[in-house]
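Next, two complexes with subunit A in common: one pairs it with subunit B, the other with subunit C.
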Partner chain A sequence: MSALASLPPDPRVRTSIRTIAVVVAVTLFMMAMSLWWGTGSVRLGPVTAWNALFDSENAERLEVVAAEARVVRILMSVLVGAALASAGALLQTLYRNPLASPEITGVTQGSVVAVVVWLVYGPRESADPDWLFPVIGCIGGIAAGLLTYAVSRLGGRVDPLRLILVGVLLGGLLGSLLGLALIASDGLGLDLISWTVGTVQSATWGRVGLLAAALAVCLPLVVIAIPYGNALALGEDVAQGTGLTVNRARGVVLFAAAAVTAAAVSLVGGIGFVGLVAPHLVRRRTGSDLRRLLPTAAVVGALLVLVADFASRNIRPRDLATPFGAAEMVGAFALPTGVYLALIGAPFFIHLLRRQP
Partner chain B sequence: MTDTDAAEVAGTVADLRATGIDAGYGSPVLHGVDLTALDGKVTALVGPNGSGKSTLLKVCANLLDPEAGSVVVCGEDIDGLSTRQVATRLALLPQGPTTPPYLTVRDLVEQGRFAHVGPLGMLRRGDHEAVTRAIQLVGLEHMVNRDVDSLSGGERQRAWLALSLAQETPVLALDEPTTFLDIGHQWEVLELVRSLNADRGLTVLMVLHDLNHAASFSDHLIVLEHGRAIAAGEPWDTLTDELLRDVFGIEASIIADPRTKRPLIVPHAAAKRRSGSTES
Partner chain C sequence: MTTTGLRAESGTGPVVRSVAVAAAAIVVIAVLGLYSLTQGEPDSTLGAVLDNLFRTGPIEGDIDSLLIREVRLPRVLMALIAGAALGIAGVLLQDSMRNPLADPTLLGVAQGAGFIIALSALYPEVVPPLPTTILCFIGGTLAGILVLGLSRDARNPVKVVLAGAMLSILLGTASTVVILIAPRARAAGVLEYFRFVIGSFFDVRWESIGLVLPWFVIAIPIALLSARVVNLLQLGDETASGLGLNPGRARIGLLLLAMVLVTPYVAAIGPIGFVSLFAPHVSRSLIASTDARLVMAISALIGAAILLIADTAARLLFFPFEIPAGVFTWIIVGPLALVLVGRLGGRGATA
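After this line comes the complex of A and B, so read on.
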């Protein structure tokens, strides 16, 4: 056989690596900014922050508390963003639909509803342990995900279109349940609403550790799901013709995405948007192949949530309302992360759509 | 494991035999169909719309479980083979596959190695060589990094064909490989298939819509009507005036192509429908 002339290298491999490198660098910069910068509360310079974290004898008590709280939020933001963006990339490929996002598995709503219902109707203990809400949220999310899967499987095979329909229906059903619980919750309103749009405010070391551990467990599953997703993206017949057991592979990809989503949303509430947007932001550079798309989307997702959290800590509704002379009409509270995620992400996304042919 | 698989495949007769196939989607489509695609030959499956050609091809490629009958590929019953094992013996190119956006020719063709790579989908040296060979066979080596959905119809079909070729199977099944192509690209794809058969000894089974394509490019014809194989054999023996009138609904002359001496069908009118066959 004649020697094979080698084919020209794929430029997208380099583009993807470069994109990841740049985004990681920007993320690290943002992490530092996010640690140092905090209007209204404690200001930490690089030196103060270092002392507060690693040399607490040379720091004020308040500075130590503030620095730790920020580090925890930063880590939580990054983990949640990466997790949801990965889930989004897997689901858009699985459903062969650019509108797919973690929410359509029903997992997000299931998790949020479980936590809210527990808060409103559950026993009122004086101090809930750190792990209680995440565990309840996870159970709710996984239960909703399994229900979606089971209902769409009633016909014998897993049909992507039916999965979407059932997921959306279940999401709506759970949404109305959520409304009911919110109405019934006198006094808890603001916290609960923050939870439904997602917030990293409730992050603690214990919860960050919990999420990190959960994602570490999910990682092998995601890695296995990548080639399955790539094959499924070509359609059922082609996937099976190239040697994929389609129904099992769909289950694996769906489960990987659902598990990662459940882990993230059970710790921060119903953060959406990042799972939809992050893969779109990078797809043109990395291509549709998940081997490049998923890791690149993950770092972009991490950065998105980090920026949203940074904004939510530093731009409060009062700051936004002041130019309009409406400062008195809003409180001094901070908006939850999820609100800023959409506020920042949506215009950016529209800008991107305009540029695309 | 896959290496020994490949060796097993290489040592056997690369043919495809389906016997007594009953199959359908809820309601039956195929009724006791026999099909043989001989080693190293091109076999064309023809028949009017809705006669069950694609269904039969799906059964042969293990995409659809038949209700009765058996399919034997390279001497082995596909019932006893895993999906991966089938994919190392027979490659199927479905009709009019849709390509995701932002997927390069290389990304697409690499998917053809799915049955050969490990569970993490990492391509080894041999896989890369197979991908390169497949892309060169279809003549797209200068377009490996182009997105498939930016290619012309003919190039796109060649890219998809390369995916099937990257599977490096002895048997290749194609479902209407010329759909949506203009006449020049139709011939380009069919000539490519013919040369793959002639140069590399691939056994080819393809569904063709155009009877003249079938007559020009195949060694064997199998004619389906209402889910039954009603004729099979060499093109000159199979294509008759009666068959064209009764099955395909055309009055036509069958002449010898002046160059190749193969049958050439020249239709001149739609036939009057037989009584009782009102199905479309």
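After this line comes the complex of A and C, so read on.
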């Protein structure tokens, strides 16, 4: 906070605070609506939902179970969205390109592949503890991130182009391995495939706690990375002129983004596009200073995943296909959260592509 | 790729070097090709291979003839044809866009083709009944045009690569959606899609050769004839139009030609990463020239050699287990391509 206070008065500080307040309000409303509005087999009104939440005596009542399941998903969505949006803000600053996002660092793919490979090829005699595969996913994601950085560094300089290329290269390789594992995974099938695009469906209290703890550990890292990111945003030469070791600064920012991304995707799978979209939605109001951009983007990211999960819970593709007489062409599978985020992300992507400076 | 069309030559000329490099590549291809034909379960003798290569007529009952002529030979041929096509396509894309990283892998071409494959495997009723090669051509070309066309500045490597990466992710998600909403009864198509994704020579038979050969026969001569146009484009748009060329139109034509070269092989063997990025760069540094006529020829040979090596290694390294050639090229060719890109780093990073 002291750093903020020493800034010259900037009108965008006030705009940012106002933006955050509005988005937080919308997010809270969305959380509430997500809790009581649903087309599933159990219908909860606002009052029923509220009562069910605090009804500890009848733990088996259908409403109580449903309300609790929804709360878990809501919390998971919020945490994941905030994490990925923060990573996206850091990466867009690092690459100095509005198209950068956590998916291109190899971290997302690394985590997804680690989990899928573990589930397909790993030993399956005993029931795994709840925390095991997130830890594996996290290790896979961070390993992929470190590999990206290490390979980019081989030539001496860590420039954005090399980071992107290595990320793409690693992503392609991991995609190949993922295909192999999925072919070998008869029986696990669709659940694994939805994991590859990301789903909040598998959330439990334990996993929410795990993610919250992991993000709490990452928070200091992100705070440390913010000034580095801001310095890098000035351009390599200026950054160097301020006495910054550019390679190390890039490493710090990349690692912070990778750690946050790995924590999130190891619990929900390969959710993408939050990191691409969220920073853009707020940049015009907050400016590019990460101190304002990152927290605002985090709240917007939470809102985005919340909306996507709400859609994923309540939209059934078969119902949509029925009016067109195509019901028999569509299976009963509810689409995972990541699909709706991609739907939000696709027009954005095209827009950004066209508007690139 | 230097921005000036020609480099100052010292000592041997590029033509002499090209002949030497070409001879070396042909020797490698011949030796490795014959070796690859002898290896398998069971191994065949070199004599049997030569005997079967130069004898037409019906296959005799022995296992050697069957393996060599029906299983191994098509694979070797496919590796050579696909490698040559990828090598030439890389030169066309890099030089016409004047972007050292213009590469089908990086333009989302494979994912565009993959989406069409997923669609036609799971929803054959919504896809026109065309051969897979044509479908892949349509999907891949649309993805490539989307990335190059929408990113405004096709010469900027960072923009194009990022746009390609994000489009690939988007198209991958779209394919996943197709898989997820399809009824369970169509699950067999899912396997088809994932077999495509990994990129391998597992299923290559004579039919696959027949599928890609027409494209190859048409596109290669056109590509070689267009080398002059490519050379003009290398000089820059102003010079090129001063010499009577419409750069925009030429670029679109060359892009389409590159897609004609690449997508049939994507349809037959899946995405094979980075060969078309790597082969042209290696060729240029080996012959120390950027003359597209020479680079194209050498790049074709080097591409063929790389894919032959990849296929042979993928098949034999962990025998009897076969790793997909796609995985192998990602691991081996990818880093090599990166080293090359590192050398170009100074220019690329200015974006």
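The rule we apply is simple: the second predicted complex is superposed on the first by the 327 of 357 C-alpha atoms of A that agree within 3 Å, B and C clash if a C-alpha of one lies under 4 Å from a C-alpha of the other, contacts with A are read in each partner's own complex, and residues count from 1 in each chain.
Quick note on the criterion: a residue touches a chain if its C-beta (ideal position, glycine included) is under 8 Å from a C-beta of that chain, and two chains touch if they have at least 3 such contacts.
Predicted model, so just to flag it, every value in this text is computed and none were measured.
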Subunit B versus subunit C as contact partner of A:Gly209, first or second or both or neither: neither
Which superposed partner A:Gly251 touches (first subunit B, second subunit C, both, neither): neither
A:Arg12 touches, of subunit B and subunit C: first, second, both or neither? first
Winner by number of subunit A residues touched, once subunit B and subunit C are compared: C
Partner chain(s) touched by A:Arg291 [first = subunit B, second = subunit C, both, neither]: first
Subunit B versus subunit C as contact partner of A:Ala346, first or second or both or neither: second
Subunit B versus subunit C as contact partner of A:Ala233, first or second or both or neither: first
Set of subunit A residues, in rising order, touched by both subunit B and subunit C: none
Touching residues (chain side subunit B, partner subunit A) in the complex: 58, 61-63, 82-84, 86-88, 91-94, 97-104, 106-108, 111-112, 114-115, 117, 119-121, 129, 132-133, 135-136, 141, 144-145, 147, 163-164, 167
Of subunit A, residues touching subunit C in the complex: 95, 97, 99-101, 103-104, 151, 154-155, 157, 159-162, 164-169, 171-173, 175-180, 182-183, 189-190, 193-194, 196-197, 272, 276, 317, 328-331, 333, 335-336, 338-339, 342, 345-346, 349-350, 353-354, 356
List of subunit A residues in touch with subunit B within their complex: 4-8, 10-12, 93, 96, 223-224, 226-227, 230-231, 233-235, 237-245, 283-284, 286-289, 291
Partner subunit A, residues of subunit C touching it in the complex: 101, 105-106, 123, 125, 147, 150-153, 157-159, 161-170, 172-174, 176-177, 179-184, 187, 190-191, 194-195, 197-199, 271, 273-274, 324, 326-327, 330-331, 334-335, 337-339, 341-342, 345, 348-349, 351
